[in-house]
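As written, the chain order gives the labels A, B, C and D, with residue 1 at the start of each chain.
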């Protein structure tokens, strides 16, 4: 199943589970996927930064991607292929598509500045990976230092038929969604799927602005599935109530570095991965931070049974 | 009253109120100050970016600072003096201290990189403003691109007796507070006041880590005064409950650009400033964003009477 | 005399001479101006970074600008007014124009990224300084981190009739000059003066590409006047021979920080300023660097009598 | 032969030659290596940015490195292994050492800021590649945005016995060489080889400051071998005369993007590679730029027979 402009819903960004000795924990991959499928996720994303992809060698990356894909034949899997060079990007994209991926995600390199440079980069990327590979633009200026004006995204979409999705994590970004959807309404831009990241910090308002779903690694994707459903059903207050109960944790996990450690801890406490092990180099949770995460979990548990662990 | 290493509590960052024709609204300055004093703030900060300082000419800046200071003789006022050159910094600092300020705040220019460059910059700044002017380090990498290791802060504190305060807004930053306080406990660093900014997004945990208070422009400083009091009294759950009720708005106002517009709107709705007018250039709130702010206000109002407007 | 799109020739960037006790050396200002006039310069630029403007307070800046202007009633003087805020920019621009300046120069702040942001910034700047003040765009990405595509410059020129000059110091930049001049030939852009900076490192080729002159602080503006004349006369080899004789020094003085110290030393040895004093903070020339500068001077002196000191 | 702290002399950065159809031109690799050996180079560096490494897939990279190494069994070959993740760095380093490389070169990622972050990164890199792999620090802030204080380099050298070389391309950088060598003289730092890059723009002075040689892709390495020899023999004026004759071209080729195109053109005109072909994406030389390169070549040819082509 290929990624398309009609994709919508919750795409969790999957972590890569490790055993305590550093080997890949394939059983936990299966458990994660089963959980994603069971709770109504619409797809998933693997080999992102959250997935510790830079710590996997090429063979491991292929095995991890293949395992996720094989376990979820019904779910589209997006594979991150951002690379410093187009040869590596092409190799990754081919590997991913051969393994059965639904599409790939590409972030721009931090050196791009002008509108033309950004548009030109995506043209070159499509030449590298092939026009038959559906791709998602990752628009994450806090991480990449690259700022894409709405008009730049429109140009990339217009120039490249294989561009089917925007991972929206600009900041601030609500008005950007509104602008893109306004162009779409005015027939000045074709429709692409917009899934929101940025650690989910504005997911209460983003669907109201026109987003089609979420793509984030927050360890309660089941809550986000429910929340998106409430929003889609027009039950605004309930959607916000559920979101607000989790916001203290969403906010906590937004912290670079320790965010991943916090997420692995929560996934472990939920029984979804066997251990919270990470590969070096990583920022461990201090004892105080661990207590803080557990305290936040307990507080969420007062209103959301999913967090009673 | 001079700023000191013992300063603690809530220091709101004051906006500069304007009339609809662009002139400074001095009556609203008085109203703001009276409110700050009345709700238990311990000090305040003026002429920061939030205060639209770059849109004031030198004479206006002097008048604004003087009005804030004169209205609150009992409160220490911190004046932002960050400048591209030391001559302008010296002129601003002298103006501020002559007007009765308690101290000044200095952020590093975005070009600094190495530890030695940062430490050297503060040495030069102190030479420019004079050793008798108490100052606060502004540590805000998201805004300045300058990352200060904890050891760099310790060196600045050790080198400059007039350094009495850290405005902590590193991100992530909880471990940094813990580190500085651990050095202090081990007698490896003298005590300085740590007030936390970063739009207040981690104020629920920062006092637990050793922070002495907050310095932020969130338009409910009265709530933060209460929250800090609960935290100081060891009433942890109540402190978090109050904080969490406001977190959706704290998060919303963290957005660069429209955050200021949102804050002025809330202050206006609270009756603290006459209008939400800003001077050009500014990012206005769209109709949708205005509705979002009002919706968030209404939601806070369900649990905090201060937000029932 | 106002700056215009027909301005051409050599515009030295003037240093601010100091006495050894730190006071401004007005006599040396007069001597510098007389020299600039005498050797055929077409204008000059004051209060730039090279002019140590950030170390002058407002009154001093006014006096320095006024002295340069008064001494050279026949030469257009450009004043740098780049500022972190529009209020300060407006104040500087008014001061400069009141003192008799021919126009102002504006560099974009380092935070701008997208094409629209840059174009919008210049629109706001013109609103701040007034449409009657001729201005020069400073396009110096190595210093500002802001990259202006040729199309962005064309938009700024089209939007603002008061934009009459481009200080070109993009890097690499030769093709950019060719592109702008090609648009001009095709009637797709109106003519503006292009003066080249970037420490003069490509001044041998820039006039051939369509530049109208130079704006740089190299301490042999008389050589550059002659070189531009040779280029204009089609005496290509002679122009390059003269340029190449100075290139080792041009290259040496391109170094940030010590470049200014090197230039003040050369100007002092030429008898144009009384001392090489700088105001703090500054990077002094080490003994080895001083020897290197003198060695380069001696080597230039073998082919250019101006350097025999 | 392993890279060592005693390595000195000229290490050209080798381009990767392509045929017009995009395949790797192995015959030209042999010709390049024979030329490097014949003119007295002391080593070489492959798979750098100049070598278009990001455009090679893993198998190609291995073949290119192996071909260079096999053809020059007497010369130490340094392989660039900078990567966004440690798994890829380890894989590249192993591949290189298995193929017979003498050592590897590592640049820091652009996200590093504080002294401790930089030092910690090199510790992690050594853990990734193994303590038995000699490595060279690449210190190139203009390219990486990472500024390493001299003390940071000293710490990396002290912490990692396998650090044997510094590729010095800080800017400005002359005083940095002097500082490192002064520490060495004072027995406060062990000796490492310092080879200078930064497009060779200060190679006239760098050996005088204590550098051991050059590592740059300038297409006249034979000239640099001679120049370094003259400098070593104390024939200062002759060394500078030779350098100055080439400085206009060194300067021209310093331009990012088109610098590589210019170099390939010169290498082709020298008969060292069959064609100047590059792989996409690349910045081609315009007709005007081609004429400029040829003009500069002709001018060098007046004093250096090597450039008479």
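Keep this in mind: a contact is a pair of C-beta atoms (placed from the backbone, for glycine too) under 8 Å apart; a residue touches a chain by one contact, two chains touch by 3 or more.
Just so you know, these numbers come straight off a predicted model, no measurement behind them.
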| field | Shared chain contacts [chain A and chain B, defined touch] | value | C, D
| task | Could you run down the chains that neighbour chain B and chain D together? | result | A, C
| If you average the CA atoms of chain A and of chain C, how far apart do the two points sit, in angstrom? | 48
| field | Inter-chain centre distance, chain C versus chain D - centres from mean C-alpha coordinates, in Å | value | 34
| For chain B and chain C, what's the span in angstrom between their mean Cα positions? | 38
| request: Could you check chain A for residues that touch two or more other chains and list them? | output: none
| field | Touch-based graph of the chains, sorted into line, ring, star, complete or other | value | complete
| said: Per the contact definition, I'd like the list of chain A residues that touch chain D in the complex. | reply: 53-58, 60, 83-88, 90-91, 110, 120, 124, 127, 280-281
| chain C - residues contacting chain A, complex | 113-117, 141, 146-149, 151-152
| Which of the residues in chain A end up touching chain B in this complex? | 171-172, 174-175, 178, 201-202, 204-205, 209, 240, 244, 247-248, 251, 255-258, 286, 288-289, 292, 299
